[in-house]
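The next block holds one structure in the form of structure tokens; read it before the comments.
So that you can tell them apart, the chains are marked A, B, C and D in the order they are listed, and the count of residues begins at 1 in each.
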Amino acid sequence: MALLECENLRKSFFGVEVLHGVSFSLDRGRVLGLVGENGSGKSTTMNILGGVLPRDGGRIRLEGAEFDPRGPKDALAGGIAFIHQELNLFENLSIEENLFITGFPRLGGALPFINRGRMRRRARELLEQVDIRHPPGTPVGSLSQGERQLVEIAKALSVDAKVIIFDEPTTSLTRREADRLFGIIERLRRRGIAMIYISHVLADVTRICDDITVLRDGAVVGGGPAAQMPTERMISLMVGRTLDQLFPERTCTPTATPVLEVRGVSQPGVVHEIDLTLHAGEVLGIAGLMGAGRSELARILFGLDSFHGGTIAVDGTVIEKPSPRTCMEHGMAFLTEDRRGEGLMMHATITDNIALASLDEYASPWARFIERTRLGDEVGRIGQKVRLRAADPVAALARSLSGGNQQKVVLAKWLLRNPKVFILDEPTRGIDVGAKFEIYKIIDTLVAGGAGVLMISSEMEELMGLCDRILVMNHGEIQAEYSRGEFDSGRILEAAMKRKTSAAAPGAIAEKVA
Amino acid sequence: MTATSLETEARSSGMRRFVRRVLFSEYLVLWLSVLYFLAVLPFVPQMASVEVLRNILSDMLPLLVVAIGQTFVLIVAGIDLSVTSIIAMASVVGASVMTGDGGYLAGSPLAVPAAMLAMVTVGLAIGAFNGFCITRLGMPPFIVTLTTMMFFSGAAIWFTTFHTTTSSIANLPHGFVVLGQGNIGGVPNSLWVVLAVGILAHIVLARTVLGRRLYACGQNRRAAAVSGVPVRKVIAAAFLISGACAAVASILYTGRLQTGTPILGQTILLDIIGAVVIGGTSLFGGKGKVVWTVFGVLFLVLIDTSLKMLGLSLFSVFAIKGAVILLAAVIDAVRTRFAARI
Amino acid sequence: MKLTRRQFTLATLMAAGTAGLPVYVKAQGKKTIAVLFDGLYSPFWVAGLDVIKQDLTKRGYEMVQAISDKDDNRQFEQVRAMLARKVDGIIIVQTDSNAVIPAIKAANDARVPMVHFNRPPAKTDAFSVAVVADNRSITNATVEHMVKVAKEKGGKYKAAILIGNLGDPNAIGRRDGFFDVVDKNKDIIDVVARIPTEWNADVAFAGLTNAFQANPDINFLFTSSDFLFPQIVQVLKTRNKFQPIGHKDHIIFGGFDGDAMAYELLKDKYLDADGVQDLFKEAELAVNAIVDLQEGKTVERVLLDPGFAIHQANLEQARDRMWGYSIYKQKNG
Amino acid sequence: MNTVRLRLALLRNAPVALFVVVLAVFGSLSDRFLDVQNFTNILIQASHIAILGIGMTFVLLTAGIDLSVGAVMYLSVALLGIYLADASPILAVPAMMAVGALFGLVNAFFVVRLRVAAFIVTLATLFIGRGLALWVTETRMVFYKDQILSLARAEFLGVPWAIWVFAIVFAVAWIVLNHTPFGRQVYAVGENPDAAAKAGINVPLVLTTVYAVSGACAGIAGFVSITQVGAAASSFAMEKEFAAVAASVLGGVSLFGGRGGVAGTVFGAVLIQTVQNGLVIVNADPYIYPLVTSSIIFVAVFVDSQRSRILERLGRRRIRIEERPV
């Protein structure tokens, strides 16, 4: 008998059926990979399982008994833990408090007071199981994304979950953190816990899952043991046709004209003596582990963070006082890794988001009125150029868009300025296969138009598939450089991991300070 | 389903469409005002007289100017509690410049313009100080403006003692008083001023670069910074505008009372913020319009006027005012929930 | 259409809100007088409003009221609203003597008579009648009596004054009245504490406590309003200083208003002197004036309530003119 | 780096340092200031604002606000004076807490069930509450009997009664916020209500409770205040909501929820009262009271904001350790 069986699950929103009878089953100690494009019904299915949404039809059996969760708490009590893509952790509370937020151990068992000693002991046990070495009293706010993910898993373990659902767990993790997560998943599997793993990173799915189920348009279109589901098969099932390639053909080659020249940029404790040159028509990748200083370098280059020595020049002109404004004026654009926090105004319309960085260009000379018709036309044009898909390409709110379309909005915002230098920090994070391909194509168009792109990514395949050159950062320094012909994932990884890091973890610093 | 039920269904859906249109229109507060007006009319028929309507309009004007300033600050997710103290401080400073009883420029033809300039300067200066502390020193707006409110409320009273032995500064020049009472083309001067401020504010918010940036700062400050918005300058601008608007309100208040008084406006803080928020502007930033504020102010002034006309005892005045505000807010909340469902 | 619970809630609330509007029906043919007060913060004002209301009702008038809560702009708006309502007269306690002038002018223009209760407006060519209690001179008389007591007792005195809201002209008048007298007697009286109360009971309480902390030997105390008596008594009791006249720890104690508690304290020999505004007389003068003006008679522009200082020596004779005494009598049979 | 650390060490203790400066200045101006009796006075005088602020802290922690507390204070005190004039304090205090809590539940109904912004709901109930209180008292001053008034002088183990109440409320609130599941859930709801709901916290219940707590605290604050001031006029507890919010914010409670605690609030209330007290003790000109008080609040918040800025800068991720210390 399977541990968990879902039969014919149905769900409609506003009279439109989005889930047309999804069925699958899961055994103890197995990992089920669930793949599909955005909108294929993965999240809806899992939200039903996790008690977030009620189902309209079908049945769920857990250990043979009917299972009908009325809310997240109910599902959890039944043994199904759901680890959302956006973690449900409270940064102002400590790790242990987050673990037990709905079920604190109490003094004397029933008194309304928290038994701190017991909580700490249990937290230590749980943290040990997920390899976190911070004291349980550490505030979650000072943990890295990967560590927070592990705290969520510990939370699931604390209630003896029988099934753990992971929704895109690796989007904000570095390779190393992801490896650590996979190790933990392996360990859980051996303990007999069943897991459902949702991800767009198909290589990961192949690597860790026992079985794979593919969803498309709210229905199961295929599935089977992982061994029988090579990546190409998954993709063709997901998109409903065969994809010839994951990356578009590059249509240009780099020129010799430098557009961005960075010389000796240093910031104590962050980056050291960074030299790099980006040419027109070039995609320059930056590889490295998380914490290697890639995003920090990007922020420094765009004037968001200060630096102590060195110069940044665009088109041969040194930027005097780098700030986002001056950098933009020199022709730079920056797509941040934190799309929701820094990239978009989630409650504003697409138009407002796209226009935000270019308001000055559409302002009348004296009174600074916005030339709304011209702006509207341009925004529409750019929207088409990035193939933005939305119910209302002008007035839809950013938060109503899928991740891929949100990212296109951010790109469109910068495209409107016609920049010469693009700094893209994890541009395809959390985006489905189809949208990724479109973003790659946009990048190609950009460089073909004479711009230079500096691209940071944690997905090695992506860098190797798209870049002309890859720099490897390690420890705040540029460790190695490879040209297209010399790409080799082993060598890149070796460069990225060379020299054991001796730097203090951010958590440790915060502790010393507090 | 039977034929009759279909029919009722159809009729009720027509009804529903209408209700929906009214509920979701951004003019809801205006409709509520009209509804309230009609509701109190049987009790105070004089409400419909030209004189009362004119009073309502003129009572709205100064409140509206401060409220417009406050709208800017709320849009950038700030709050400005210091506006009442700006009104008081500007009032006594302006009066001290132009009063016939030993004013700095008593009798000079420049007295009136200089005094008005001084008043606006007071507003701008306090607004600039607020803006500086919030953007450069990274202090929370609530507490910064709370302390400036305390400080300048006290300072206004103290300042008055240097200029008069009574509790207020009177004997303002004729020119200033006439300015408040006069009219151009049959429209009172104060209305011209408020119209100008209102239209300007509306244009700034809806049409200019600054307006877009104000909304952006309120929506997502970090995203705005990354997109090259000079966040600090924009937020400081909002506080400057709020200070200047409060000073203009002070000119209007001082003009209608013909007196510079240090307790001017001390009790209207919650009215100001309440009017803006009832209009629909969010306390959490990124959302707000000048017309909404106009409706919010209209709604509050309408309630106030009706209560004044009724001549009720203090407790019923308080209770009714509270109940009506609550009712308006409940209707607003219910409609947003309907909107979320449809 | 099914009535959901939410719709029901909404409907109930709406109904409740509408029902909250009291039914107002204007009595036909009755003349209406508007009474506009600055606030009802102390028993003096509460009693004043009551007395005026009774008086007007007795004479067949209807009264409507409005309280400005120390907001001179709101008061101006209230006057205009009352004029628009076509009231037949206005009795006003203005928030500010200068700021009320535009309101007087508006009343003049509408030909509605206006009478100021208790406070005069500033000098103006607009016409109105003022019933005036002179805060400063009544305070003078009161404090002079306190000084007399002090001189008789001999020795030096450390004085404290509880000052009202610094934005309130009454408070300023009483403060100035106090200093007029003590400044002339600097040889025996040293003012060691000027306590701002903002007309706020807990601020007064804290301020007086702290003043006694700084100067435990304060032995001369004046409060700018009788409504602060409860707080003062609390502080004095804590310090064991609440002692009747004649006791060695008695503090020479004076107040202003003439309310019921003042009478009790005088009767029980805790209070030395109290400035009394003749509330009944003021109310009567005001109502008379408004009625006379209504009828087109000429009325003096200033009707003076001389007020008086009541103290241990004149308590028996003067108490009948003290409004607090009649309230006291009502309460205690 | 070392200088930064040094500055930080200074700033970390800045609130205390500021407090010491205030004490030193007033102490040098009057020898009566630094006196045990005077500190007792300060604590008694700060108690009602502190208690109000403690209740307010619960609400602020959930990113709400309760503007109605002053009105609740007046209403509960009015009901006490009119209907429970002869009741013993043992009965009166729970009754007033119940009145306050009930009022809080009304606020909560609108905030939680109807999802109206807390600012507007409590602004409206501020007016309604004061209106009700004026109706109950017929706008008259309410006097209290001696069994309540004598509490101003009552002591237990040599400590005045008001300070005991203050201490008990503080201790209970501190324990509730830091050592009960409910307290930690309050912080969680304030940090992220959506996540809290997903995690299975009963968010409506938490929110409802904090408004009830705030109301109940207002009831207690009303009682403590009335034992001192002896009578309630129609201006009783006017604008106390600002004082309560100011004390909380001064003590480091964020208006956006999830940050701060009751200890900070108590510190804020005591600091403000210390300044007020010192000004009376040194017989300062009444006109400068608001100027000095506001300036000191300003400095306190300024110092605090500088500290968090430096902390933020230090918290910037370290990737490498430099060979030489810079």
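We adopt the following convention: a residue touches a chain if its C-beta (ideal position, glycine included) is under 8 Å from a C-beta of that chain, and two chains touch if they have at least 3 such contacts.
On a predicted model such as this, the values are computed, not experimentally measured, just so you know.
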{"item": "Required minimum of steps from chain A to chain B, each step between chains that touch", "value": "1"}
{"item": "Centroid-based (C-alpha) most distant chain relative to chain A", "value": "C"}
{"item": "Where chain A and chain D are represented by their mean Cα positions, the distance between them in whole Å", "value": "42"}
{"item": "Where chain A and chain C are represented by their mean Cα positions, the distance between them in whole Å", "value": "69"}
{"item": "Centroid spacing, where centroids are CA-atom means, of chain B and chain C in whole angstrom", "value": "32"}
{"item": "Shared-contact residues (touching 2 or more other chains) in chain B", "value": "157, 313-314, 316-317, 319-320, 323, 326, 330, 334, 337"}
{"item": "Multi-partner residues of chain D (each touching 2 or more other chains)", "value": "114, 139, 234, 287, 289"}
{"item": "For chain A, residues contacting two or more additional chains", "value": "none"}
{"item": "Chains touching one another, given as label pairs in label order", "value": "A-B, A-D, B-C, B-D, C-D"}
{"item": "Footprint of chain C on chain B - complex, ascending", "value": "8, 12, 39-40, 43-44, 46, 49, 51-52, 55, 59, 62, 157, 165-170, 253, 256-259, 261-268, 304-305, 308-314, 316-317, 319-320, 323-324, 326-327, 330-331, 334, 337"}
{"item": "Chain A - residues contacting chain D, complex", "value": "52, 71-73, 76, 84, 86-93, 97, 101-102, 104, 106, 112-114, 116, 142, 268-272, 291-293, 296, 305, 475-477, 502-504, 506, 509-510, 513"}
{"item": "Parts of chain D lying in touch with chain C, wherever the complex brings them together", "value": "30, 32-33, 35, 37-38, 41, 44-45, 48, 113-114, 139-141, 143, 149, 152-153, 225, 228-236, 238, 273, 276-277, 280-283, 285-287, 289"}
{"item": "Touching residues (chain side chain B, partner chain D) in the complex", "value": "133, 137-140, 142-144, 146-151, 153-155, 157-158, 161, 270, 273-274, 277-278, 283, 313-323, 325-326, 329-330, 332-334, 336-337"}
{"item": "Contact set on chain C toward chain B in their complex", "value": "1, 6, 10, 13-14, 16-18, 20-24, 34, 40, 63-67, 69-74, 76-78, 80-86, 95-99, 101-102, 122, 166-169, 172, 176"}
